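Order as written gives the chain letters A, B, C, D, E and F; numbering starts at 1 within each chain.
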Amino acid sequence: MDQLLKLWQSMGIANMDLGQVLMMAVGCGLIYLAIAKKFEPLLLVPIGFGALLSNIPVAGIGGPDGMIGMIYTVGVETGIFPLLIFMGVGALTDFGALIARPSTLLLGAAAQFGIFATLIGAVLLNFIPGFEFTLQDASAIAIIGGADGPTAIFLASRLAPDLLGAIAVAAYSYMALVPIIQPPIMRALTTREERRVVMQQLRPVSQLERILFPFVVLLLCALLLPSAAPLIGMLTFGNLLRECGVVERLSRAAQNEIINIVTIMLGLAIGSKLSADNFLALETLGILVLGALAFCIGTACGVLMGKVMHRATGGKVNPLIGAAGVSAVPMAARVVNRVGLEEDHHNFLLMHAMGPNVAGVIGSAVAAGVLLALTGT
Amino acid sequence: MSEMTLLTESLRLLLIGMGIVFSFLLLLVGILRLMSWLALRLAPVPQTGPLSPPAADPDGPPIAAIAAAIARYRAGRRR
Amino acid sequence: MDQLLKLWQSMGIANMDLGQVLMMAVGCGLIYLAIAKKFEPLLLVPIGFGALLSNIPVAGIGGPDGMIGMIYTVGVETGIFPLLIFMGVGALTDFGALIARPSTLLLGAAAQFGIFATLIGAVLLNFIPGFEFTLQDASAIAIIGGADGPTAIFLASRLAPDLLGAIAVAAYSYMALVPIIQPPIMRALTTREERRVVMQQLRPVSQLERILFPFVVLLLCALLLPSAAPLIGMLTFGNLLRECGVVERLSRAAQNEIINIVTIMLGLAIGSKLSADNFLALETLGILVLGALAFCIGTACGVLMGKVMHRATGGKVNPLIGAAGVSAVPMAARVVNRVGLEEDHHNFLLMHAMGPNVAGVIGSAVAAGVLLALTGT
Amino acid sequence: MSEMTLLTESLRLLLIGMGIVFSFLLLLVGILRLMSWLALRLAPVPQTGPLSPPAADPDGPPIAAIAAAIARYRAGRRR
Amino acid sequence: MDQLLKLWQSMGIANMDLGQVLMMAVGCGLIYLAIAKKFEPLLLVPIGFGALLSNIPVAGIGGPDGMIGMIYTVGVETGIFPLLIFMGVGALTDFGALIARPSTLLLGAAAQFGIFATLIGAVLLNFIPGFEFTLQDASAIAIIGGADGPTAIFLASRLAPDLLGAIAVAAYSYMALVPIIQPPIMRALTTREERRVVMQQLRPVSQLERILFPFVVLLLCALLLPSAAPLIGMLTFGNLLRECGVVERLSRAAQNEIINIVTIMLGLAIGSKLSADNFLALETLGILVLGALAFCIGTACGVLMGKVMHRATGGKVNPLIGAAGVSAVPMAARVVNRVGLEEDHHNFLLMHAMGPNVAGVIGSAVAAGVLLALTGT
Amino acid sequence: MSEMTLLTESLRLLLIGMGIVFSFLLLLVGILRLMSWLALRLAPVPQTGPLSPPAADPDGPPIAAIAAAIARYRAGRRR
């Protein structure tokens, strides 16, 4: 009898509280979205399963002695996992379109307004009772507007680890929702004529330019904004491995083995931050609302800057490509392409949108550096 | 910090932040142009035609995609 | 002269004791079995070489500051390596046959009797002077009967780290010996007619079933037996990566890069537990005897349960497939196939034996959870 | 613990252990049947014939290899 | 105003000192040599970029809390990275030519004279004011003469971590310079007739010999020189994985995934030791001079021993192959082939030079073991 | 240590070091010969012809299979 009681007490069902049940449902929901709706499955499947595993009562898999808890300590608290992912992103990204037309960097800059506007939004939420975001929290939430997963995780793990789960989930979810969020804004802010603009072909880019590019970006970052150096540094390192042409083995390792292994571990580790305490709170609702806001504002500002460039160049720039400035590579560029094709079936904007798209990656890493430098402890 | 201080602080962050982001990327525009100018001096591009947008479905011309995929697949088997 | 003496004293030959010589011979023996007899070479080659390296005098490679000792601390003491292997096993395993015929889970359950019978056996050995197994030791030894390497290593690293080397060696050796151990038992317990039973083709399994399967198993484990959750969790996670169809990259990483890298490290680390102190003891002899016993009893119980199902289904089940319930995937299923073909050259039991075979993996993880919950500290 | 206590303890473990293992897997049998019933309601299987053992060399057919390679290539484009 | 001052003070440009600028230039220089001159790019690209990243002011990427600093602690201080690379080298190396003609081991032995002569050289430099090498420093510098990257890194991380950056850079640079350094020495020390010697074809080597080879080497090392056991142990382990024929998966993992991932990490970590304090010192100049000396002496001694063997065998040995005894696999063997072809367009020495070449790897690991045993603390 | 002690010490290292290296590798020569003799007793080599040096310029044999092998060798040989 005593033994049976002990057995019962060791069961999950006797120890499960409502929060854990709800968080396991959240985990299942994320996996459902990933599989059925193809929402960033590479991250959301491991995150969702990490949430499932970490909310199993008694087992403590996400705790300090559990496997996922240890992975979190080693890989996320140190910042190493998001940086390795950024190295892989660099090794996978072709910056050619940006090198051919550097002015698209301005589109990437404008779209970061979403980040800083969200920062104000998060601080404004504090006027509603129940919200108590610090400036660090607000900064970490704001970076969702950067539409860049590893950057958001890196910053959140530094400024607001408690919010990491919600921020990562919001960032990846909205990145997956880009094809739904962006088109109405893009259509509302542009005229039919603007959307029909056919852009000039991009000039070819030499290998030397491709090799020099990472150094130029890193140098500027080192001189002006060293707090962004880990992110920009690993991004440019990965890109140099890709472009230098003499370390094919290492480039493949960064693009495949490392990024795949780290993605699994990172996803599980983030999932362990989806605990009821942290996630089932009013804050999460705020984060989700602010995240959507951030994407909308970022898209709008990108498109508006596109209109400015349209005027300034005498109509050579199609303002739609400004929407790609939020990053969310390569989803946002594809959305631009699709909206462009709606107006003119022969107007392929994909390559033209890749410039602002990858500029958005650099832009949000710079914004993350600014937030780290000015609000980090 | 009170809500108001926080708000002022965040407004300042907005100004400084967007200022830095824009200055940084504007500077980068200039330096990249300089870099390209220099690079094309040092090593003129062999004329291979302009980098053109893909002519069809952005997911790729099937023949090229398959060839690349097979190469990748073969490479993958050797590991 | 003094210098030469110092040199001599730094030599291995001056510091080698008999135990180290014998353990190096054991290591060589394991490698011989792996190469010449194809005994689970993926594990036994690294284990054997790890034993060689760790028993080199003076060098201390397996000690706290040596490379293999550090690998042991990071990967085995934390339980991370066997869990990552289990993820890979999940990603490599097709549970279709089990989903198509869930009743074969009972065969997997019956075969775990080998585990608990061995537990009694280990405790009985204590009546012989020289044996002093604690309940934890006995549990760790008993899990050899689970015929599942990573489960055995995981449990032993938790309950009886000193016995880990002998337990891992016994588990993998007997798994390799399955083609020799099982057939006589299978033949002895079945009639010729039973062995000739042709089973019905398995129904097709839909992708939705395959995707839901890991959740169902994990949910039951979370509710009833959270102590098995790390093992079952990583197994089902790996399987979800495999079946969900949207994370091909991650599935490949789990099936190849991660499992290969971890296998090398895990093997070396286990080899470092093959020290004379721990291995050249009466206990090891007991462990080897009990391990063989465990396999025999597990096989017999599986076959007997197969006979029960044979009767209960009016002769539709070939009792031979019960022998596959011990796990040892896919060796045991192949043995079943071979014994079946001996009686009828057209009766292919392989697919039918895969059900109980993978059921055995789940069964022994469940048994490990029970042992952890009831004897763990 | 004395040998005898240990023996009693291990006998209890045998009973409880096999009890849990059997209950767990029996329950799983039921739930899996339920799951399959539900799954086949929600998404009837396209008739592709029964699950058969591989008919030929699994490494062989070039079509399959190309298909796998393309899948791999597509998967490779995502981060 | 205050805010702007704070911003300015957080900028890299306000904190950069001359040393960092110079070290970033050194990093760029290494990358230039790697890309433009194909100087060992697999190591020098990551090392150079690691130097860039670690010398960014304020960011502290190479410091104790920075990513690269943490990688250094985990991988280089523990010695694990160079040992894993050595495992990969073993898995990539075909020792067949050495097994077919074991006498070429003597060429590998002779070439290690470069190491010990350089040790004397480093100690002699102490007579020049400004140099203060300890015996440990001198040993770590001397190992550059072993012409083997991982061995040099392993030894330097143990005996003189402060000099690690300069030593690794010197070792890989001179390995890349082998085609320039060696030929004049080879020509000066041999006659035209000697260079024209056509060697006998190598006998075939059986798989059994290939499998026994790692055990023989490891056994001798365990008996006589356990301090070399980590290096020799991982080398022979990798080679056993390659040759045993039953663990193809693991062999591929050692040859690709592991070595590629570790190379990236190791390169970055070494780059973090390229700090102005350690690198921009008189010592570095000494190290560079001594390194060149070491290569020259090693080559010369190898060739001279080749001449001895030429005489002893009645002219059957082409003394050129002695130059390959420095290791630098497979560069040195190719240089031998090229110099041989200059004299006789039909005399291919490549296979014959592979024997001394891989013998050099073993030779320098043995020398490293001696230095560790006699000067290590 | 003074410079002179260091020098004596390093000279001793030179002697002992080269002594060990040579003894070690000489011993290895002997043991490898013994090993080969034993191995060939236990398992005589199937006659597949001697391991020959490449018949042409090692940098460029034309046949595809050889080219592939070289590519593999090149990829393989870098550390």
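Quick note on the criterion: a residue touches a chain if its C-beta (ideal position, glycine included) is under 8 Å from a C-beta of that chain, and two chains touch if they have at least 3 such contacts.
Keep in mind the model is a prediction, meaning the values are calculated, not measured.
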{"item": "Maximum centroid distance from subunit C, chain identifier (CA atoms)", "value": "B"}
{"item": "Interface residue overlap between copies subunit A and subunit E, same or different (over half shared)", "value": "different"}
{"item": "Angle of rotation relating subunit C to subunit E [CA atoms, steps of 5 degrees]", "value": "120"}
{"item": "Length of the line joining the C-alpha centres of subunit A and subunit B, rounded to whole Å", "value": "15"}
{"item": "Whole-Å gap separating subunit B and subunit C, where each centre is the average of the chain's CA atoms", "value": "49"}
{"item": "Geometric centre distance via CA averages, subunit D-subunit A, whole Å", "value": "34"}
{"item": "Where subunit F touches two or more other chains, by residue", "value": "16, 20, 78"}
{"item": "Interface hub residues of subunit C, defined as touching at least two other chains", "value": "7, 221, 224-225, 247, 249, 252, 256-257, 374"}
{"item": "Of subunit B, residues touching subunit A in the complex", "value": "1, 3, 6-7, 9-11, 13-14, 16-18, 20-29, 31-33, 35-36, 39-40, 42-45, 48-55, 58, 75"}
{"item": "Subunit A-touching residues of subunit E, taken from the complex the two chains share", "value": "7, 10-13, 15-16, 24, 28, 31, 34-35, 38, 41-42, 45-46, 49, 52-53, 56-59, 61, 66-67, 70-71, 256-257, 260-261, 263-264, 268"}
{"item": "Subunit E-facing residues of subunit A, complex", "value": "78-80, 83, 211, 215, 218, 221-227, 229-230, 233-234, 237, 240-241, 244-247, 249-250, 252-254, 257-258, 373-374"}
{"item": "Complex interface listing, subunit E residues touching subunit F", "value": "42-43, 85, 88-89, 92, 96-100, 102-103, 105-106, 108-109, 112-113, 115-117, 119-120, 122-124, 126-127, 134-135, 138-139, 149-150, 201-209, 212-213, 216-217, 220, 224-225, 255, 259, 263, 329-330, 337, 348-352, 359, 362-363, 366-367, 370-371, 374-375"}
